[in-house]
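One structure, as structure tokens, below. Some questions next.
Labels run A, B, C and D following the written order; every chain starts at residue 1.
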């Protein structure tokens, strides 16, 4: 009963002859707060795509709570509790914030098949949606179409949809990308408040967020895992510094450390 | 055996020449659709206008047919510049549905205007008499017109190939078809490019309308009558892929001709069944599924 | 709670307000105002129903099809053939016409609805054309070009006879229209209706929140086909005749034009547009028969360019201007 | 209870209709005629011709017939839509109070209307619709034009008379085409000919080369055809000429080279025969008068087509129906008046067969020739008083 939440073994993906994911192994115990970092083009988003099922792997296996989900469709993976957010917002632009979250809740609870009965009559779901909006500070915008609110706040909606799907494993693909710095704390706060029963894999550039969040981390470069473990150990690794971080990375790293 | 050989040469010559006419009236749309992702159901209207204009020039102004074709093609290209700036520009960013509706509207207006100006009948052919003659080819008499159409088609293919590979315009076009925003970032004036490409596409349609008369007679309902066949080529060849557009056009011509030749009674079905099967076969991982 | 119901699902804005009651009084009033035009009025109702069925999939699920007449035609032919085979009970015959169309949708939907955009339009167009050609070819069954004529049906509930004065056909059609309208109205206001709107907005994301996108689409497509089939069946019963035109591409395109004329995005769009189109068409043929196409073409261009949502959109704009209110689109 | 209620309802409805009918009857003895035509859409040319014919007839003979005045009420179908035709017929009878219907370009329109006129006893004149079984659908129908079997029979007779033995039939794949195929086949075989092959050409055909090739391969000495006027016919004849069939075989159609359509053709059409009930070159006084009035009203270049002539004859029949009326319109008297009626029309002597209500008239074989540099339908043979054969 204590098998890990997510296990990835020898995962490979080639486009043409070009390998974007090479033999990646990853293991997230339940309740993990794991960060995945790497330079641009390291294959981070591809890896999230592979795990979430949006992209089919060439070889390797993925297990979710001990069950092999390698060939399971993306939609089914969501039903089994494996949920992701998108680096670039993928929302329902003409629907209101409330409706965006409602859709996800309704789908998670299986009420989206209901053809009889009005949306406004679905009290339990409405309650759940309101709780999520409240937690993300979106209540004021609830009635506005998503396309009309600020991009940073749309990121929160993106997160809200993921939470509404009642995830057991949550893949956050750069949740802070494009969020104005004043609103970043709100986002971090929201992530912090997620229950320990949710296992989280975070992909992030911002070392500040990574430092604050991660208990373990993995570094990806050119589709390969080059280091994995506790943050201070990984960051201290000379290999990571020399092979991956480079000069500017050093600075970011250092500044991140300073804050931590 | 003789029957088989003569059937096959027939299908080769007539299927290919029919395919070439289809290619001529469709290729413009393949280009503009690839570039602008606009579902332009009024493309056939440009072909009709080109054809009517050419015919009117020959019959009323006694212009030489070949000269009239050139004049009609250029005039429609110029006309389309205005239409692009005035109307199409505004629907590039609109939904597919809006594009469908606006362009159906333009086609309706064209049909009504043609009916008003030229009457409801088929306008008489103004193809020069020399094209009605025959020459011997592959052991049979072939109408000059068929060869003329094939020649024009090939000339267009070569010209387009040259434009795309040797000119700045073509380079920009290729870049923009691949990725419009990237092209814009690279300093290409995409807006101007769109206008020129639209003029090119419409001009080619007009050329097809004028030259294709022998197989597609001109009548007010022309823009709708041949729309299905144009759209078939566009849908099957993918966005902006000229090589496959040529191949598909000829395939459609050959399949249709062969179908009607061997199974005349079921000829009406063959082309539709071909389209349905082809498109359904593309469902997984097809470039056609890509949403713009 | 004082929250507007549309807050939960924009489609719930279609509530029974005064306007809506007035709208439904129109067909009743028409019965008394134009007692001698009932067969025409029935035709108006049938087209409104057909346009509404298209509106259900187009406005709410984003399915753009150019072959919806296939369902209208199938419903019409099935009902007609039932009558000729001796089965003339009207209500079940209508229902069976709709059911036949629904079955067709259920069969082709799972493949078809995985396509979008131009390929979807082309395949639906081609399927419509195949149905038309097939009906033309199967002359022994469909009467081909000559159609199936002199269809007879028993009195509705054994009481109301069908006659050329058309009272029975009118109220019978109106009853079906109203019932199917209520069905559509509650459908779009349901969680399922909202899920459809989600698919219309972003099908990829709907898939990734675990929604059975194709399944949802097939379901609504089937329901829409059922309604279109009923419209076709009603046309067979009201006119006592079915010809090839019930399967024509023109009919599919006209339905689209009607819907846009009324307004996309509102369940009343098809009803208003369908009725308006047929009535205007009839008036136009009296005074300026040749330029109808020009008028409709110009209308389509203007609607798209001005970004107006059909007649409903224009009426909404006017009412908000008159009442001095601005819509809640402040920045 | 239910039966009585039903009776009441029907009685009420009939009372309404009766009241309406008498209302319109009161209006100074006017008989209203409903005209259901193709005024817009793909067959708009036929609608235009229908209206021209009515205008021409009224210009020649006025609006009075006997003691009554005739008023025309127009309704447009705008395409192939029989159900709409039926709805319009009901509207015309119930709302506009018309006593007679005419128009009917496409046969299915007439077929759809049959139950309505049976119920309301409305005499209806088929101005163009030519499908053979139509008149059996209602005793209130009378044909002003042809039954498609008539020209098809003459196609076969003319071919046989010219010693042709091997026929290829190429007709459009729709009901009228099938009718022509049936009648031609029967008659040509009776006359000792052989049908080498028969093709039903799909209506959506664009390039007809495949059919021309099939025909050329079969080496027939006569090709009998029937295709819709306009693009299909033009495409088909061009393809035949391109393949050389025009030179090696007699080609005989029906209405494809009608005078108004002739300018759409080029010289490829020269030599093609057609078999139909009118020829523009007829010199009888009625035709001369018709040509004159048409030229006055619609310009000197106006070409009279068969779809002008049969609607014109239809109006003649309607005037005959009205002529015998005394007071309230009597449909039975109207029908009796036209059964067996004979007169001289622009297209020659006409008679309505009293039993079948079909037209007994001349069928002309015409050939397209170049006369004074202009394509012209030249009359080559007249088959007199052709009735409808039993097939």
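Here is the rule we go by: a contact is a pair of C-beta atoms (placed from the backbone, for glycine too) under 8 Å apart; a residue touches a chain by one contact, two chains touch by 3 or more.
Predicted model, so just to flag it, every value in this text is computed and none were measured.
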Centre of all protein Cα atoms: which chain's centre is nearest to it?
C
Can you check how far apart chain B and chain C are, centre to centre, with Cα atoms defining each centre and the answer in Å?
33
Averaged-CA centre spacing for the pair chain D and chain C, given as whole angstrom:
36
Can you give the whole-Å distance between the Cα centres of chain A and chain B?
48
Taking each chain's centre as its mean C-alpha position, how far apart are chain A and chain D in Å?
74
Residues of chain B engaged with two or more neighbouring chains
115, 265, 268
Two-or-more-chain contact residues of chain D, please, as numbers and ranges.
44, 173, 202-204
Numbers and ranges of chain C residues touching at least 2 other chains:
129, 133, 136-137, 290, 293
Chain pairs satisfying touch are A-C, B-C, B-D, C-D
Chain C contacts chain A in the complex at 5, 7-10, 12, 186-187, 189-195, 197-198, 201-202, 204-213, 216, 219, 328-329, 331
So in the complex, which bits of chain C are touching chain B?
58, 64, 111-112, 114-119, 121-123, 125-127, 129-130, 133-134, 136-137, 249, 253, 256-257, 260, 264, 290-291, 293-294, 296-301, 303-305
Can you list the residues on chain D that touch chain B in the complex?
42, 44-45, 48, 173, 199-207, 209-211, 213-214, 217, 230-231, 234-235, 238, 241-242, 244, 260-261, 263-268
Interfacial residue positions of chain B with respect to chain C in the complex
33, 39, 87, 90-91, 94, 96-98, 100-102, 104-113, 115-116, 228, 231-232, 234-235, 265, 268-269, 272-273, 275-276, 279-280, 282-283, 286, 288-289, 291-292
Please name which positions on chain C make contact with chain D in the complex.
34-40, 42-43, 129, 133, 136-137, 139, 144-147, 149-150, 155, 158-161, 163-167, 235, 238-246, 248, 250, 281, 285-286, 289-290, 292-293
